[in-house]
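Below is one structure, written out as structure tokens; comments come after it.
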Amino acid sequence: MTPRHPSDLRRFGYLGPRGTFTQMALDAWDGARHQEQVPFGSVDAALEALRSAEIDAAMVPIENSVEGGVSATLDALATGDPLVVIGEVLVPVTFVLCARAGMPLSSVRSVGTHSHAWAQVRTWMATHLPDAVYVPTLSTAASAAALGQPGDVMFDAGVCAPVAAANEGLEILAEDIGDNRSAVTRFVLVARPGTLPEPTGADKTTVVLFQRDDHAGGLLELLEQFAVRGVNMTRLESRPTGEAMGSYCFSIDFEGHLQDARVGETLMGLKRVCADVRFLGSYPRADGVRADARVGTADTDFDTARSWLEQLRS
Amino acid sequence: MTPRHPSDLRRFGYLGPRGTFTQMALDAWDGARHQEQVPFGSVDAALEALRSAEIDAAMVPIENSVEGGVSATLDALATGDPLVVIGEVLVPVTFVLCARAGMPLSSVRSVGTHSHAWAQVRTWMATHLPDAVYVPTLSTAASAAALGQPGDVMFDAGVCAPVAAANEGLEILAEDIGDNRSAVTRFVLVARPGTLPEPTGADKTTVVLFQRDDHAGGLLELLEQFAVRGVNMTRLESRPTGEAMGSYCFSIDFEGHLQDARVGETLMGLKRVCADVRFLGSYPRADGVRADARVGTADTDFDTARSWLEQLRS
Amino acid sequence: MTPRHPSDLRRFGYLGPRGTFTQMALDAWDGARHQEQVPFGSVDAALEALRSAEIDAAMVPIENSVEGGVSATLDALATGDPLVVIGEVLVPVTFVLCARAGMPLSSVRSVGTHSHAWAQVRTWMATHLPDAVYVPTLSTAASAAALGQPGDVMFDAGVCAPVAAANEGLEILAEDIGDNRSAVTRFVLVARPGTLPEPTGADKTTVVLFQRDDHAGGLLELLEQFAVRGVNMTRLESRPTGEAMGSYCFSIDFEGHLQDARVGETLMGLKRVCADVRFLGSYPRADGVRADARVGTADTDFDTARSWLEQLRS
Amino acid sequence: MTPRHPSDLRRFGYLGPRGTFTQMALDAWDGARHQEQVPFGSVDAALEALRSAEIDAAMVPIENSVEGGVSATLDALATGDPLVVIGEVLVPVTFVLCARAGMPLSSVRSVGTHSHAWAQVRTWMATHLPDAVYVPTLSTAASAAALGQPGDVMFDAGVCAPVAAANEGLEILAEDIGDNRSAVTRFVLVARPGTLPEPTGADKTTVVLFQRDDHAGGLLELLEQFAVRGVNMTRLESRPTGEAMGSYCFSIDFEGHLQDARVGETLMGLKRVCADVRFLGSYPRADGVRADARVGTADTDFDTARSWLEQLRS
């Protein structure tokens, strides 16, 4: 199969509805600007549509600087038919408290939003609405949508992105109410295997590692496969494999591209010592930071070493 | 402060409402049987009540064999006034689909439950109720409670523990619908510092490690502090510190008790190389598995080595 | 250059004179039995004759179970035009005290032998000839030769191999006088590059590693290149490079053959992180012990991993 | 036993005879200047005299920047009754070729010297006296002494330190004939246990490590005991234990003093994982270079960590 270029993608799915931070991430992706954009009700639904070729790519959240890894995405990528990440987008997370016209802050008795968003505004709520009842919704945008439609609603105010409140014509009762003003969510653009972005020198690679057995020091051994080849990790999360309490796989991002020699040897090393290694893509870093290759780990160092070995063996 | 004994505890809080798996965990704790039990609406609320001495201990979920770490608990323990884990309980997780009398499975159009439970019955739902709309609730027991009360409800059926359905007098439409039949949730009993269970030989210790800086190989260095002293980890989770994308702390369980010599030296080593180490308790393992101490890491080995050193120095 | 087979060798040099343990080692080498054997006065001289193609191979001592590495050999292999080890021989070391006919033990006032041999009979001498003066000779056989020839000699008795005493027709005053009865010397057969024995499954490889700079933890890094690929070391010696006090190179034997995949990757890894790596040959182990390959380090594991990587990259 | 101060030493032994580099080392030791100085015929003899309290200290060579470790010294310190190093001296090694008056360079047919010295002038000899026969002597000074006395001698010229040639009134045929002009020999002043120099901040410690068993990765484990506590090695030599081929102990120098916290914990760690650890002294470095303590490894870091642990445990 000839690898497809990321610029060949036509239909983009995303975790909807409209007005979520995920849509903001998709809007920030150049290649998606004038293409078809399809909202899905869950990460699972978006990725299934991608697997069945209903769409060409899906934008989904993977990591939040406050709440941590997005389990649904991590798990959906770690299992099922293979998918690969082909890009990432960082979106600052800003929350507003919004309500229907005429509802003053002092009258708010209940607040609807997604549980992750609720977790990120706890401090503000404890100060300004200590007695408000929390009502979970399927997404932050869903809380705005419920208020935006006529008829009964289960809560007086919603917590969502500014764009969602604007979309629904709601009033803003308070802006920037997140407990952490520098909160950022990282989104990844996922595609089917066969789409591999070119190396840029500032790349990341994502894998999931399944340990051969759960022996002491197992993780240490895996990390040494990276360290001995000068490959730096930028994210590590353990996720249960679901088989038994204490049985984990590791979701890992690291610097470098599949085509880099040190990445190739690291992946082969992991493949040999792990029960399984799932490659989840190499893609340009959103922050453009170039890898700081340790002495002896550049492609030319690997080439020189291989020529030397071949000469010894001949 | 004289350490209090776990048997001195009188008032127990837990993540409510009644009928949750957390209450089942508390029921399984011998010392809580004939004591006062107080439900709280969130992990945060239970732990705040504990910090303010309103209760003496709180039972909260910390890790699910399918869904992974419970972020709310991990984060609430990692920050704020110090608390310590003094015991753990493992509870098998079994879900039922329940409804009001007279509602056949074929008529169910919407299902309410907690988002974590929904994630664990995805496969069953895709097979038996592919078109059902999901409605998030605050807990699994809350879905049963809503159905158990008269009046309007937002969904036709709920997903909860068998005990919750029984408490509310609901009909069981399907039993054991979890995708993973061996799912287990691990709960921890948390108290204020000053309560330290005796070492039993089959103990665990929980810590949170904050790295000094985010340098390459940083986690490897931390893990070597364990490895060089023969201490085995049983859980590792990275959690964002909230300060910036890619800034993590590590929540770690390992074998052994604060009073064990190898644990003491490991903790001191971590304290020296980390920006901060938060001790979250030593307590008997629920499974009673005794640590398999590597040669040279028993308390007597440490004593012998110390005597030898003191003799050299004198 | 087509590799020559070890069986093509015709002229064998060795560290002479006749009657040394080195000649015993050469006699134990099947391929040398009916070939020309040339003694040399020093390891340097033998290896220089090999480099200038005056001989085809040279048998020299490299390691003694009592005295350690043989510096002259280690250093001569580590520098100058490249040479390779193509085989090894283990020879038990047994010393006799010998003298001209008519000299009783009680009359011995001075003893001649090589300084290494003297070091290995210290205890016997302290007990039986506490007042004897030591006279250094160029080799153990040289002490026998001096006594075997007519005329003045600087010492009353010699310490040498039984065969040397027999060659010279000397009387044996005491047998097996070595302090360590299980002493063994390891000899290596050295040839010019281009002679590479076939892998047997029970092979050793010898290298010299020159560190890039003398930074802390440098040796640890080198050893991790072996460990991460499951390659076991059987000998490690540091040798000064002669450049400055504290500047070392490392002479290392390890299990496996140049053609083994895990050895190839280890050598390339060392080549990348070292200032220089000198390959000194792969050859069958004298003891025939087969390497105990760790899970994931067999050639087939490397092949599988490479196929997987190539598929990912295509 | 109250530790004795190095300044209490009265009788100094050294590897004689007069005129060796060892005497030059002793002359460079302030505390020995106006004290009794006793030459011994071998390192063993000097150290035995020290063990039997015949002398208070002994100056012996331990490491040469060209030839490597001095086996006799390393082995004599590693076995027998314990001794400790209390100081070190670095002496530049300069060789002269000397002869009796009237012997021109062109007439020299044979050269006497110690085998280590002969190894260090090989290049000069190959150029200027390619046909000279080598005659081993017990020391470099012994070659000068033989020429300095009337009567027959086995060689025409000697290789020794300038001071030895001057002592004997010999003529200098060539100066500074060492192949390596920056050659240095390191000498150590050895005493009985109970003499421990004060920490200076620029100290070294010497130990011998005996592995528990000869398992793969054994050395790596030992080195990790140093690395994890930020202790840098400055010398590592493997020495055969004499028990079997491939059975080694490790002679190691590292930065820091027995009284340093990180050194104490490292020594205890080694004691626990090794079959045996032999402490061979802590003493000021001859070059005065202060240890570059890694973050978290200063004494105050250890004190802070210990206080923290004790508070947790109480």
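The first chain written gets the first letter, and so on, giving A, B, C and D; residue counts start at 1 in each chain.
The definition used in the following text is that contacts are C-beta pairs under 8 Å (C-beta built on N, C-alpha and C of every residue); 3 or more make two chains touch, one makes a residue touch a chain.
Quantities reported herein were computed from a predicted structural model and do not represent experimental measurements.
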Exercise. What chains do chain B and chain D have as common neighbours?
Worked result: none
Exercise. Just how many steps, at minimum, does a route from chain A to chain D need if it may pass only between touching chains?
Worked result: 2
Exercise. What is the Cα-based rotation angle between copies chain A and chain B, on a 0 to 180° scale and rounded to a multiple of 5?
Worked result: 180
Exercise. Could the interface between the copies chain C and chain D be described as same, meaning over half of its residue numbers are common to both, or is it different?
Worked result: same
Problem set entry | Geometric centre distance via CA averages, chain D-chain C, whole Å | 25
Exercise. Between chain A and chain C, what is the gap in Å from one C-alpha centre to the other?
Worked result: 58
Problem set entry | Contacts with 2+ other chains: residues of chain C | 224, 227
Exercise. Looking at the whole structure, which two-chain pairs count as touching?
Worked result: A-B, A-C, B-D, C-D
For this session: Flag every residue of chain A that touches chain B in the complex, lowest number first.
Result: 44, 63-68, 71-72, 90, 115, 119, 122, 134, 136-138, 154, 180, 182-184, 186, 216-217, 219-220, 223-224, 227, 232-240, 242-248
For this session: Enumerate the contact residues on chain B facing chain D in the complex.
Result: 3, 212, 224-225, 227-229, 258-259, 264-265, 267-269, 271-273, 279, 295-297, 301-302, 304-306, 308-309, 312-314
